[in-house]
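These are the structures, in structure tokens.
Same chain, two partners: subunit A is paired with subunit B first, then with subunit C.
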Partner chain A sequence: MVSSFCWGCLTRLPPAPRAILPPTLTAQRVASFHSSAALLAPPAKKQNKPVGGKFRQGNSARMKKKKPVERTRPPAVGERKALRKRIILSNPNALEIPGMKEVSEETMVDARLRGSILGLPVPMLDQLRAVQAFKPKQGWSIFRRPGTVVRRETLELGRLIDGISGEGEDKGKVVKKIVTGDRSTGKTVHLLQAMSMAFTKKWVVVTVPEPQDLVTASTAYAPLSDENPNVYVQPEASAALLSRTVAANKQVLSGLTVSREHAGLLKSAVKAGTTLEDLAKMGIQDPAAAWNTFQALWTELNATSPAPGFEKNFKPRPPMLVTVDGIAHWMKESKYNNVDVKPIHAHDLVFVQHFLSLLKPGPSQSSLPNGGVLLYATSASNSPTVYALDVVLKQLAARQAGVSPSSPEFPQPDPYLNADKRVLATIDTSKPVAPKEGIPEIQTLGGLSREEARGFMEYFARSGLLRENITDAWVGEKWSLAGGGVVGELERLGRRLRVTAA
Partner chain B sequence: MVFILGVNFPERNLVKKSLESFFGVGNLSSTRLLARFHIHPTCKVGELANKQVLDITAALSDMKIENDLRRQYLDNIKRLKETGTYRGRRHALGLPVRGQRTRTQTKTANKLNRMERRV
Partner chain C sequence: MACPSSNGLVHAMHSLRQTAQLRSFAQRSVLSASAPIRHQQRQPARGYATEVVEETDKTTEKPVAAPEIDFSQFKSTPTRIIPVSGAYFSGSPKFIDHLLKLESILAKYAPLPTVEPTEAPRMAWFKLPQFREVVGEPVATKKYQSLLKILLRLNRIDQKLMPDEVRDALALFTRPGNPYGFQPAPPTVNENGISRAKGKRKEASAVVHLVEGEGEVRVNGKTLVEAFPRVHDRESATWALRCTQRLDKYNVWATVQGGGNTGQAEAVTLAVARALLVHEPALKPVLRKAGVVTVDARRVERKKPGHVKARKMPTWVKR
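After this line comes the complex of A and B, so read on.
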């Protein structure tokens, strides 16, 4: 549309005087004395943008979209767990200790070595690894080679194991011990020492390093059979037990042969000349048959004489060491469900049942007829609170102290605390039938003595970890700091690197 | 890959999670199913024995799940509408059914209560 207004006329109007005109937007307000810089400057940016942006756009705070972070591929399956469970047994930077003695038949009973460190023989390390005697959080990785301190309890154990495999009156004895004690007092290492001695004496070692794994419902389970549907078998866990046992006791098991027929196994597979190693390997290959195989292996290891027809090549069986590290997990209901979606009690798992039944005296003969040691440890850092177990342990301690079960001082479960009756019945202290079978005892580990603590700290100093003058006064101070020689605390004090001001 | 009730599950998947992917199987029913066939809760699909897969499939086919359950769900709403109940009307109008206020916050009802409800 054309405006009716003539632009020519407008331009011809006389310009208004400058002072009257309102300051235009384009005119720069400049200081009168100097104009060029301001005029040449780029136009100032607008200070306030109109809020709201486009028409009717929300003007609430807008989040910036996060840029997708470049992620590397996660580690392969099982890699992280392997890293977590890695066990390092040697540190090439630590000094080698000249003249360090090893665990052997002579040193395990030598009382003069009390307070010194005995190294674990290198060929035995594979066996100990196989039975998972080492735990990842223990300080093996700071020394040149793994070694353990010889304390009073170690020497007692050494003498015991020596006596059982010797020819004296203790031959074929069965000793049952429940190892308790405060946190980091060396319960697991005590088991490790027992294993190393048992391997030295060519015993068969059967271990359950992680009892918790059996009750957390992380491994397969199935009813044992149609006759007893309320007892459950764990095929994978049984196969793992067999593979641990075979890997650690290969030498002993390959020298023993089958001594009878086994109902649960194929007759064609188990013949007269089959070694126990081959027998156990059948269970490892077929987890479904693992539990039957383990039972067969167990009967074989406990055989005292061959069945007719199997006399050829029968060799007497060696004593056995059975260790379980952390029994409290076996004293409550497991995470498995039965058909009615009720939790299964750990004592209904046949694996657990088997190992707990060893604590009771055997029905006709000893629970380990060829002799041996049962060491069942509690744990102080990873253990559920089970009231009934606490009572049982107190009762054991009271009995050992000579309190008669009928006396009023004998600890009884509080009737209002609902102690688990099955747990209370776990440990049976009635007189065993077999003469050489012992009743369960409790062994409480405490701190090291001052002399033992001194030997232990000298080991740190000689390994180059500790730069101190080891004097009696210094050891006494550390002994007290470690709660009366608690060995884990002493280790913590010893490994702490200190830089003394020059 | 393992077929359970006609659905293919990768072997690395948890059995419990795989079962819960069916409409009508939640935490409770999957726990019950696992307990019934003695499968531990951390079991992977690949670890199931053939018999267990068949058992689970048989048990699932006996249950009212997936389309049968959806149909039942819609039938229930349809019945309310057809008999002309207040609840049926509210379903049809896309308004809250159970006496909630409508002055504000009826998003869920607006979203879900349609003439043909999607399940």
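After this line comes the complex of A and C, so read on.
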């Protein structure tokens, strides 16, 4: 075969004239720099184009039919809410902190642990979930395990709870506190810490995690009885309260037995050996009897001695922790209507009445005869404006600061602002009859101190969330940015993902 | 540029003076040029035609008081009224007189030592509209610039050696109550260790009291978190302290009003930076680099009629 190279001049021979090539190949234009054999590609198919116009078809504009859009089914009823209210307590991607201590009888009073993070014991998590101690947006889901920072107020509370359940002079004391503070200063977490300590000490914990739900007319209500037509009972809410209490305090309640007869309950159901757990479960199963059951349970828990005939198996009752998170909703008219279609005041709901009456000194004995702590928190983000409550809180603060109620500096309600008298009477600071009962105090939570803030930020760093050198200067800067160590703001600063340019 | 033309004018003036013998009037202050012609002006060498020439021989005779002039009866009346200013027919005679006078002063004192323009005292010269009002003539911008040029050159004469004539001449062209004459005293830390400064941004204005402390910040009595819910605003409000690592060394008490969140935060930034400069003036280069010294003077542009917003036009419709 003849090579296409001309060996004489080392150039390619001129190609054959194009006309010789088959027409199908010449139809394709190929760039000269292509190395691939484009000429070998199959020839493009001829497209069928109609000759001339579309004479045989209609020319009018045709409306296109809309295709039915495939819509996914909306999530089932309650699914969205469940997702919104879901509480995640663990993040497997976060680092585990070696040597992290847990809440226990020793650590809750250990002043050396101030500023460190105490983990919540895993078995206690179910109890805390049962009393709804966790709220959805508290950032539990970014750490390996839930833990809370030990601050000054926490240590005070730990010592208090330790003293009440101990054998010292504080035994059986009743402490009533109203926890206030700015937004995200840790009021709810303070309640959580109290609960965790109470569970550690085997107290009975009764909580109202969402007071708002009782006044928004979202649960059923009915007049309490024919004698009290103006007081209303909420059976479902009462049953829910019982179920929370039973689920969280199962261990304690199953060890206690009934100590007397109860008027509102069936005699056949409540016998001498019935445990308090069984008693409470009756109310859960039958919401109509829930309120009476709760009252029976409350009487039992506050019993100091058995009635005659019930002496067998009587055990002294443990102290109680009662927490309410967001009392401002209970200080105004509810969304419920009475028969005259007038709004019912929240204080006319027997549930609310019961918990608010605890703030007043008991008539003959202490409001919690076996001792305990009442922690009623306000909310800064979800709270209606109640002028009377503001006045009450100011009065409490003034009294605590040593201002005498008769002095002109003592805050008084403005007579032209129509402060709600029932609210003003809520908190009674008169001298209690029982010697161990305290008068309501106000506890204002502020920011963390710098040392506490440093411990808190180190927790973020050790969990692998924060890649910074935690120095005093850095912490001081964040402390200022967080408005003086407001813990929720510190958390926001700590969890903020930072991408450095370098 | 303006010099040749003014020089040309000078020549014209000379010729005018020689012909009309108006030297004495031309040399008089032009501001008084509008005064009526006065006839008792004494000129020893050459006089007016209207002047009464006294013939006294001091060497031989005792001086005798001149007889009182009777204004009602002149010995000789001028054939035509001659204007005071030689530039009377030039359209802007007063301005030209000013210019000529300044030029003559400059020529007179040109050899005096001068200082750098930056070291010359700052003078508030008349703005052009004001100057026009003063002379009552239409003065072109460029002409006025040439006048200003001479003023600036005269102003550069060393203050210690500046003759009163120059000083007076310059004073004629300054705005009353010299706005640059008042120099506020530099702010200082008061006896309680507090420095005070103001800042503005957008519609907000802030007053900051800065004192050495532990990093507490209060804005309108509220904490930083309550005042600025957004982290970015908090960071920008404290940026001056943060970039100099002084956040935990000062306490800030700020009062802000007007504007929105961002404006208030950045007004606080500026005020904090200024207050910090009172405590530590050496920080100025750092703060300038951090961008907290420069004032952002931008404001919202006004809406115009026919526009939807400041610039936006309504959508164009065919019909």
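The criterion applied here is as follows: the second predicted complex is superposed on the first by the 434 of 502 C-alpha atoms of A that agree within 3 Å, B and C clash if a C-alpha of one lies under 4 Å from a C-alpha of the other, contacts with A are read in each partner's own complex, and residues count from 1 in each chain.
Note that a residue touches a chain if its C-beta (ideal position, glycine included) is under 8 Å from a C-beta of that chain, and two chains touch if they have at least 3 such contacts.
Worth saying up front: this structure is predicted, and the values here are computed from it rather than measured.
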Fit-or-clash call for subunit B and subunit C when the two complexes are aligned on subunit A: fit
Which superposed partner A:338 touches (first subunit B, second subunit C, both, neither): first
Touched partner set for A:217, first subunit B, second subunit C, both or neither: first
Touching partner for A:95 - first (subunit B), second (subunit C), both, neither: neither
Which superposed partner A:122 touches (first subunit B, second subunit C, both, neither): neither
Partner chain in contact with A:82 - subunit B first, subunit C second, else both or neither: neither
Partner chain in contact with A:182 - subunit B first, subunit C second, else both or neither: second
Least Cα gap, in Å, left between subunit B and subunit C after the two complexes are fitted on chain A: 28
Common interface positions of subunit A, toward subunit B and toward subunit C: none
Footprint of subunit C on subunit A - complex, ascending: 182-183, 473, 476-477, 479-484, 486, 489, 492-493, 496
Complex contacts: residues of subunit A adjacent to subunit B: 217-223, 232, 335-341
Contact footprint of subunit A on subunit B as seen in their complex: 31-32, 34-36, 38-43, 47
Complex contacts: residues of subunit C adjacent to subunit A: 215-217, 223-226, 231, 234-235, 238, 242, 245, 247-248
